[in-house]
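What follows is a single structure, written as C-alpha cells, with notes after it.
As written, the chains take the letters A, B, C, D and E, and residue 1 is the first residue of each chain.
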Amino acid sequence: MQLGKVIGRVWASVKNPGLEGQRLLIVQPVLPDLTPHGKPLICTDSTGAGAGEVIYWVRGREASFPFLPGDVASDATIVGIVDELHLGKKREPSC
Amino acid sequence: MQLGKVIGRVWASVKNPGLEGQRLLIVQPVLPDLTPHGKPLICTDSTGAGAGEVIYWVRGREASFPFLPGDVASDATIVGIVDELHLGKKREPSC
Amino acid sequence: MQLGKVIGRVWASVKNPGLEGQRLLIVQPVLPDLTPHGKPLICTDSTGAGAGEVIYWVRGREASFPFLPGDVASDATIVGIVDELHLGKKREPSC
Amino acid sequence: MQLGKVIGRVWASVKNPGLEGQRLLIVQPVLPDLTPHGKPLICTDSTGAGAGEVIYWVRGREASFPFLPGDVASDATIVGIVDELHLGKKREPSC
Amino acid sequence: MQLGKVIGRVWASVKNPGLEGQRLLIVQPVLPDLTPHGKPLICTDSTGAGAGEVIYWVRGREASFPFLPGDVASDATIVGIVDELHLGKKREPSC
C-alpha cells in the first residue's frame, strides 16, 4: 500500500458502468514524513475519506476487492485513513 | 486511475483476435492541472472518447473488465471522460 | 498497451515448459514519434512480427490471454503490428 | 520480491474490513548492500517481522496469497525475514 | 520478460509457507548488451540457474504459473537461461 493525501475530486458524467456511484478522489502520494512525492492519481474510496486526510491506497487487482462481488473497474482504491505513523523511536502525528 | 488526454489513434491490420473491433487511442498522461507528464500509451476505450478529451484510464487486469465476458487482451482502458476537476478550494475546468 | 520496435531475438534452450515453442523477441519501447524511450524487454508474440516492425504489446496478466487456454508464463506479449499512427491533425507513417 | 527494512508502523481505525486485524508496517526498500533505495511503502506481514529487520516482500496479486482463503485487500506483503545475503564470492551479514 | 544476471542468493529461515523449498536468487537486471541497469531483485527459479548466468524472468501473476497448482507467493520467477542474443544484424554471445 502507499501513503497519500486526498487533494481533490473528479466529476465524470460519461463513465464505465462499473464505476457508477463511485466517488473519485484525487490523491497526492506522500512519504512517511508527509512530504508530497510522485504524481497524483485518481482513486475510488472504500472508507469515506475527505479532502486533506492522510490515507493509504491499494492498487492493482486488489483495488476491486473492497467492492466484491461487484465488478468495479478500478485499479486504485483507498482502503484506510491514517490515525498515526510511527517511524523508528519517534511518533509523528499524521495530519 | 490516471488522468490523460486523447492525442491520437493507432491503426493495425494485424492484431490479436482479442482486440478485433476495438478502437486504439493514444493517450498522453497529464497532471491534475492538465500539464503533460510521462510517456504516451495506447488505450482501448469503453466510453466513446474523442481527440482532445480529458479522460481517465484504468490499467492492469481491470482494463479488461469493461469488456467482460469477452477476453480483450488490453492492459489499459479509458473508463471515464472528465467533466470537471476540483482541487482543494478551487475548481478548474477540465478542458 | 505500449508502442515498441522489434530489435532482436533471444534463444534459450533451458526454459520453463510454459514457454516451449514461443518466439522471444527483444522489443525497444518507442514514443509515438518512434524515438526510442526506456529499456528493452523480451516479449512473446501472437502476431508474427519481424525485426524492425513497429508493434504494440500488452503486459501483465493480459499477456497470457492470446495463448489461452494454454498457461504461457509470459508477462509481455506483442498483440498488434502498427500500420499507421495518427497524432492530432497530422498522420505519420509508422515505419 | 524486493529487499527492504522495517522502519515503522501505521495505525488506522477507519479501514477496509479486508484489512482488519492486519499489522501495517512501513518498509524502506534497500539494495543488496542494504543501502536505502526508493520510496517507503506500507506492507501487511505474514512473518512476524519487527522494526529494523531486513525482509523481502511480494507485491501485486500474490500479496494476498499468504492470507488465502481470506480476501485481504493488500498489494504488498512481507513473506520472509532475511538471515543472510550472498553476493558473488563474499557473504554479507544481513543486519 | 526482462533480462538479468544471477548475482547472489538469499537465505531466510522465517518465511511464508508458500515459499518453502524455493531457492531465492538475487538478480541484477541487464540491457541486451548485458550492462547492468536498474535495481537488483529477488527471484524464485524454475530453471536451475546458477551464479553468473544470463537469464530472463517473468513478474506479476505469471510468476506463480511455473509452480501451479502450488500457491507460491512469488512475484518474480526465472523462466529461462539465455543461450544467445541476436540484435539487428549481429549476434552477441550471452556470457
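Just so we're on the same page, contacts are C-beta pairs under 8 Å (C-beta built on N, C-alpha and C of every residue); 3 or more make two chains touch, one makes a residue touch a chain.
Predicted model only: the values in this text are computed from it and were never measured.
Enquirer: What are the chains that chain A and chain C both touch?
Expert: The common neighbours are B.
Enquirer: Which chains make contact with chain B and with chain D at once?
Expert: In this structure, the chains that contact chain D and also chain B are A.
Enquirer: Starting from the mean Cα coordinates of chain C and chain D, work out the distance between those two points in Å.
Expert: Centre separation, chain C to chain D: 32 Å.
Enquirer: Chain C to chain E: how many Å between their CA centres?
Expert: Chain C and chain E have C-alpha centres separated by 20 Å.
Enquirer: Can you list every residue of chain C that touches 2 or more other chains, as numbers and ranges?
Expert: 60-61, 63
Enquirer: Applying the stated contact rule, could you write out the chains in ring order, opening with chain D and then chain E?
Expert: Result for the ring walk from chain D toward chain E: D, E, C, B, A.
Enquirer: Which of the residues in chain B come into contact with chain A in the complex?
Expert: Interface residues on the chain B side: 1-3, 29, 31-32, 37-38, 46-48, 56, 58-63, 65-66, 68, 77, 79-88.
Enquirer: In their complex, what parts of chain B are in touch with chain C?
Expert: Residues 7-16, 18-19, 24, 26, 39-43, 51, 60-61, 63-64, 71, 73-76 of chain B touch chain C in their complex.
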